[in-house]
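Below you will find the structure I want to go over with you.
Chains here go by letter, A, B, C and D, matching the order in which they are written, and residues are numbered from 1 within each.
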Amino acid sequence: MKQEIQPAKGRLGILLVGLGGAVSSTAVVGTLAVRKGLAKPIGSITQLATIRLGKRNENRFPKIKDVVPLADLNDLVFGGWDIFEDDVYAAAQHAEVLVQKDLDGVKEELQAIKPMKAAFDQNWVKRLHGTHVKQAATRWEMAEQIRQDIRDFKAANNCDRVVVIWAASTEIYIPLCDEHQSLAAFEKAMKENNTEKIAPSMCYAYAAIAEGAPYIMGAPNLCVDMPAMWEFAAQKNVPICGKDFKTGQTMLKTVLAPMLKTRMLGLDGWFSTNILGNRDGEVLDDPDSFKTKEVSKLSVIDTILQPELYPELYGSIYHKVRINYYPPRKDNKEGWDNIDLVGWMGYPMQLKVDFLCRDSILAAPLVLDLVLFADLAQRANMSGIQSWLSFYFKSPMHDFDHIPEHDLFIQYTKLKNTLRKMIGEETIDYLD
Amino acid sequence: MKQEIQPAKGRLGILLVGLGGAVSSTAVVGTLAVRKGLAKPIGSITQLATIRLGKRNENRFPKIKDVVPLADLNDLVFGGWDIFEDDVYAAAQHAEVLVQKDLDGVKEELQAIKPMKAAFDQNWVKRLHGTHVKQAATRWEMAEQIRQDIRDFKAANNCDRVVVIWAASTEIYIPLCDEHQSLAAFEKAMKENNTEKIAPSMCYAYAAIAEGAPYIMGAPNLCVDMPAMWEFAAQKNVPICGKDFKTGQTMLKTVLAPMLKTRMLGLDGWFSTNILGNRDGEVLDDPDSFKTKEVSKLSVIDTILQPELYPELYGSIYHKVRINYYPPRKDNKEGWDNIDLVGWMGYPMQLKVDFLCRDSILAAPLVLDLVLFADLAQRANMSGIQSWLSFYFKSPMHDFDHIPEHDLFIQYTKLKNTLRKMIGEETIDYLD
Amino acid sequence: MKQEIQPAKGRLGILLVGLGGAVSSTAVVGTLAVRKGLAKPIGSITQLATIRLGKRNENRFPKIKDVVPLADLNDLVFGGWDIFEDDVYAAAQHAEVLVQKDLDGVKEELQAIKPMKAAFDQNWVKRLHGTHVKQAATRWEMAEQIRQDIRDFKAANNCDRVVVIWAASTEIYIPLCDEHQSLAAFEKAMKENNTEKIAPSMCYAYAAIAEGAPYIMGAPNLCVDMPAMWEFAAQKNVPICGKDFKTGQTMLKTVLAPMLKTRMLGLDGWFSTNILGNRDGEVLDDPDSFKTKEVSKLSVIDTILQPELYPELYGSIYHKVRINYYPPRKDNKEGWDNIDLVGWMGYPMQLKVDFLCRDSILAAPLVLDLVLFADLAQRANMSGIQSWLSFYFKSPMHDFDHIPEHDLFIQYTKLKNTLRKMIGEETIDYLD
Amino acid sequence: MKQEIQPAKGRLGILLVGLGGAVSSTAVVGTLAVRKGLAKPIGSITQLATIRLGKRNENRFPKIKDVVPLADLNDLVFGGWDIFEDDVYAAAQHAEVLVQKDLDGVKEELQAIKPMKAAFDQNWVKRLHGTHVKQAATRWEMAEQIRQDIRDFKAANNCDRVVVIWAASTEIYIPLCDEHQSLAAFEKAMKENNTEKIAPSMCYAYAAIAEGAPYIMGAPNLCVDMPAMWEFAAQKNVPICGKDFKTGQTMLKTVLAPMLKTRMLGLDGWFSTNILGNRDGEVLDDPDSFKTKEVSKLSVIDTILQPELYPELYGSIYHKVRINYYPPRKDNKEGWDNIDLVGWMGYPMQLKVDFLCRDSILAAPLVLDLVLFADLAQRANMSGIQSWLSFYFKSPMHDFDHIPEHDLFIQYTKLKNTLRKMIGEETIDYLD
């Protein structure tokens, strides 16, 4: 039952929205350093993970990249858009995520990567003030300009294929509206320049799909998470996935909530607070952007715990998430969780978790993996929502007929069994 | 492919070694309260968990106990051994785990449960001083007395079947010796009264198996974890399982280590400390008993992280576990973990976890589940090591041809897929 | 230089605003239990602390209450106002701070203490909905009714003296206005029923002073912290003090900030978050009430660290305080602090503090101490702001010519040296 | 009453025992960088702190160093002994405390500072293996060699005065013996080469005092804390002080314990654990060295809390201190404290503190301050134990007639009032 997969021939362009941001620049620096042998791609499944094939006693544990036809790091070309015109070297210095020595190893390559002008509308990200932005009369024209950028980049860099990934800031919250329900309605709104319903992020997604490029959504915005885009992706036969990279606190949550549930321990409340001082923290200090993020972060627990099946354990959970802009920390995010759990006969216990993490260090390998897996999916002719990549997202996209899977370990089993199936190997149920 | 399972007819005797200890008494009080409708069996898979059957869209989520033929709580009869002669009501008061109100609901039943004299040897548990103990000239005679106890209990309580479970303190560490390598050598040593190699716990296990009763090992002692017992269990067609209930800190470890590994995050060091003030803490304050526990606790990470496959990520982990007797806390154990992890390009991060748990509250539902599952296994004709119950143990038992599985989520998938297979349902690989 | 102090003859009435709240009821229950010998007044300086007199080698360490003429617990009579009509027994049960056993020891006394109708205006505390409130045409009339209550209580209970203490919820924030600048302006506003500038709490303070009763302000509201009240207190020769009981997180702050400063360690940021689920938490969930509290909590660090003297150490501190209503915790407040400090040559360090405290348990002994000390001050003829009681407050009151002292240890030295001076003993400078 | 103080003329030699260790090298690098204007002496009272003179409203807050005649940083000359022959530049690189950039600013000065051969005996510090050590037939000869080193250093560097400070590892624990009770007994034991009672550290102390150099003891060893040395210091008119620099966890303890006590909050237990990976951690992994440290760390609480005065609050505290060698952390020590406190009516609360500190960063400014203050003391003719410097030590030295003061804030008041008195200013009792 092996799937037909086109080989990964030629160069693969990776276009990052928010090229100069902390996540993008960290991903680019690291990938270039890895391919020069200067750094290790820690955190990357595609580069490091092995996969068990066959029965356990067969002892076959090849690296994923040795049995799955992924694009080679040497074939990657980086580009993208940003609202500031710094090249990636300057941007990475500004981000203060990586130490100077790590930037200097790939300084020239980084300086050569300059952002294209961004599609931007300050009403959608109130705390940012871009200076390197497109002028466009309508959202339709905005998308057209992005499409042209993609074509230009592809030609200039002699790329065989392109993937577009959003690693920029969170836009303000809006609910799903009529304009998002069908491709026709969506295109109409773009042409009518409905700037209240059509976010710049949607123009990137539309342009990518139109150009046949897989689109990955790293922030919690609506963006490709709407029927209009699903329809368009199906029509153009393009993979899409998202949304919101699952990194620090939420990654932990999708590990700890399953622990409670497998052990049938009850939950009274879960309080999560974050402090971070990077651009992302500044954007989320705006209540409208925070709303988008909050919805994404809150959804996680319920789906995992299934209160409808276990009302006595999970029927009345008080779940609160706070994000605090706290400049002394820069990119070093800290997430503090307090979990009020309940055991045998109703006795209360507490679990406190303090995660002194680094936002961009956790997100960077996800960028690399997602780009390579999205490209793989396209070559394997898998279009539309890639639910097997739920592993990487806080709010895994799903259509109205499916429910999302948030449990990190089920997500991982799904990812690996999907790969096994792609290459004609048996899936694993852990019974041997 | 449904398995042939004998129905759960008649009464099931549950014999607890360490009947008056905090874990046993909490388990007994709770089970009696649950069956009277006075408490909820939170933490118990057998009583609360559902199991998905068929494809996800079939929407079949029955409770496990409704589709798997487990013994009914109303058919359980409790008994056991202890080195103090308190009945379970007095013992539970002394343990200070449960509040008075919870004891009073089942006071009479508890007062009726009195321990038989324990097989005890203070050289194996230096900090305890038992007053209600057997006199036996040899270990062989010690086992014979226990066998007689089991037969007597069964007859007196009109039990159809019996399960024996060790929920007593940790004995001192000894390595696997010649005396443990075969049943013949073991029986010889018992008869020669080799008190340095044959622990009291081994006499309980031998007696249980000899009487055809499944034996569950809740502490980290060698006990049934040796070829002699495997041979005996096979010969008598009896299920055995162990060892060391996986509750607070180690449960968390087997959740957090898989998180690191699925995400390919590196690990430099893991420091774990515990403070607890119950009898268990007092016993573990003795370095010899702690050694046994330490070996059990340290093994977990390596097996999960597979340093042999990932030397650059997990090749040099500094892992340290400390247990501190700290009386102010009584049974309210606190486990503090510091984890030094490594991300993209080698950047360090830290994760700190503080678990204010309750030792016996976490262990009690495991006692109930294991007893019911072990009885099920016996009726399903599954003898020897029950590796599908690894989910419940810090050091899952395994013979020399297998490696143990420590990942809590793989263990859980294995447990559920085993149940599915038992009742003739398809196993699940999460690809639908 | 011993001060002339009137003896503590007769009964002392203690009138609590918010009599049924968690803090008041816990204070009342405890004081009654202590005087019956059923509990220990832990946390109370007046009841437990000793005071060194003379040189260290004189070895004189009497209890404060044995050398300072405080009112005896047996002479206290409790009463007060509340917006609900529960007696103190019912109120304490509702508060869920103390266990049943502790209430039952003084049940009858508690049931006999019933609140008078409260002066209340929901515009000032939006989350509360009182049902047991006064009707008053103007603020002036409101105050008159309170004055009558005080006189009635005094007569009915045969009290020699009365102290009034606010232990009720935080009112919304308002700045100091013209109406608060002089007694004349204030009384005019009361008569004109300026409900936007005259809070109910101010009516209590006005009434107390008018009746010659010391007034203690336990919440951060403006209340007595204004020139109008200082003028009135001076005129009536009445002690006043406040404001905002210093209990959990802020108490810690006024200990840790001095540690940094004595050691000349720098500070980059201080992030404080609280979770609590009692009535106080609910009130503070309203942004207007939180504002009042926030101002009180934020002021602390600056005054201690003196950034004007140490700009390189404390010139740009990012200080943020959050309070989160989190019902699972009830009265068990948890405060989590992250402190980013700076050492030798600018190297950063972190200090994290997690305080699992109990709001009312910490505040109750402060109520008792303040009442006794305020009564002492009055008998010692010390009118106006009692800055020697700063020890007990988050925002120690001070007039425009003085700066407040926040350092807990300097406050304590001040308190004790004041007592020493009162009784004619030498003050201590720790040089012997 | 101003004291007669000799002016700080000429050069001041600072001889560090353990010159190449993390603490010494960090102190030297920092001091040199500060005097070149490359770094700030954060954490140093002598360099940064102000002192209030006169009444509060006089508003006089000069820097201490502007009113107290301390030696100028430009007059300091560094030298010392070490068991390895690395110069301070190499040693500092090896210590991994400071980043390369901070070393490079003073590289040449650092390379010029080379250690003299150390007086060493491995029986006293089992985990270290020195290669750059003196050969001496007896302890007396060992001391003679050190005296010669001091004289040579003074001559070679044209020093007017010298101070010797121990910043080396902790020696094993020994109790006070007859050999330490008088100078005569001590010198006899040195001559008889009693290597079991006379530690190398004592030879340094003896030599310093013999040469008229103040001696400061930074580790918890007995060393100068004995009648023999007090006698010798008095005879030679030399200041001595110690012992054990008070930095991370213990500094916090001497702040938090006073908080409990001023508030009359009870204490049930205090559990402290540390993880650190530097040379100090390695040495303390040896139980004998740990014993010395443990005694020093445990003494703190009792003296502050005065259980003899407050048996009901502090009569049965369970206090436990653990130090764990944990290489992943290097010099970045982490101290985790759990405090079980007790409030009103006996209700329990918990306080948890996690201090992610840096051992040498905290200790370095203490080295600088102590050296300057000890030199000041000598010029002010204050010989013997300097109890006004208790502020800096975990175990403040004291003779048999005095009790030590551990409360950080009382220590600080004492230090400042001593300085005020030295310069003829009034002491402060905080009553104005």
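Keep this in mind: a residue touches a chain if its C-beta (ideal position, glycine included) is under 8 Å from a C-beta of that chain, and two chains touch if they have at least 3 such contacts.
If you want to know which protein each chain is, UniProt gives these names: A, B, C, D = Myo-inositol-1-phosphate synthase GAPDH-like domain-containing protein.
Just so it is clear, the model here is predicted, and its values are computed rather than measured.
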Option reproducing the contacts of A-B, where over half of them reappear, out of C-D, A-C or B-D: C-D
Comparison of C-D and B-D (more C-beta pairs in contact): C-D
Between chain B and chain D, centroid-to-centroid distance (C-alpha), Å: 50
Rounded Å distance, chain C centre to chain D centre (Cα mean): 41
Sites on chain A at which at least two other chains make contact: 350, 352, 354, 356
Chain A residues touching chain C - in the complex, by the definition given at the top: 268-269, 271, 273, 275, 318, 320, 322, 324, 326-329, 334, 336, 338, 340, 350, 352, 354, 356
Chain B to chain A touching residues, read off their complex: 26, 29-30, 33, 39-45, 48-50, 61, 98, 102, 251-252, 255-256, 258-259, 262-266, 309-310, 312-313, 342-347, 349-358, 361-362, 364-365, 391, 405, 407-410, 412-414, 417-418, 421, 427-431
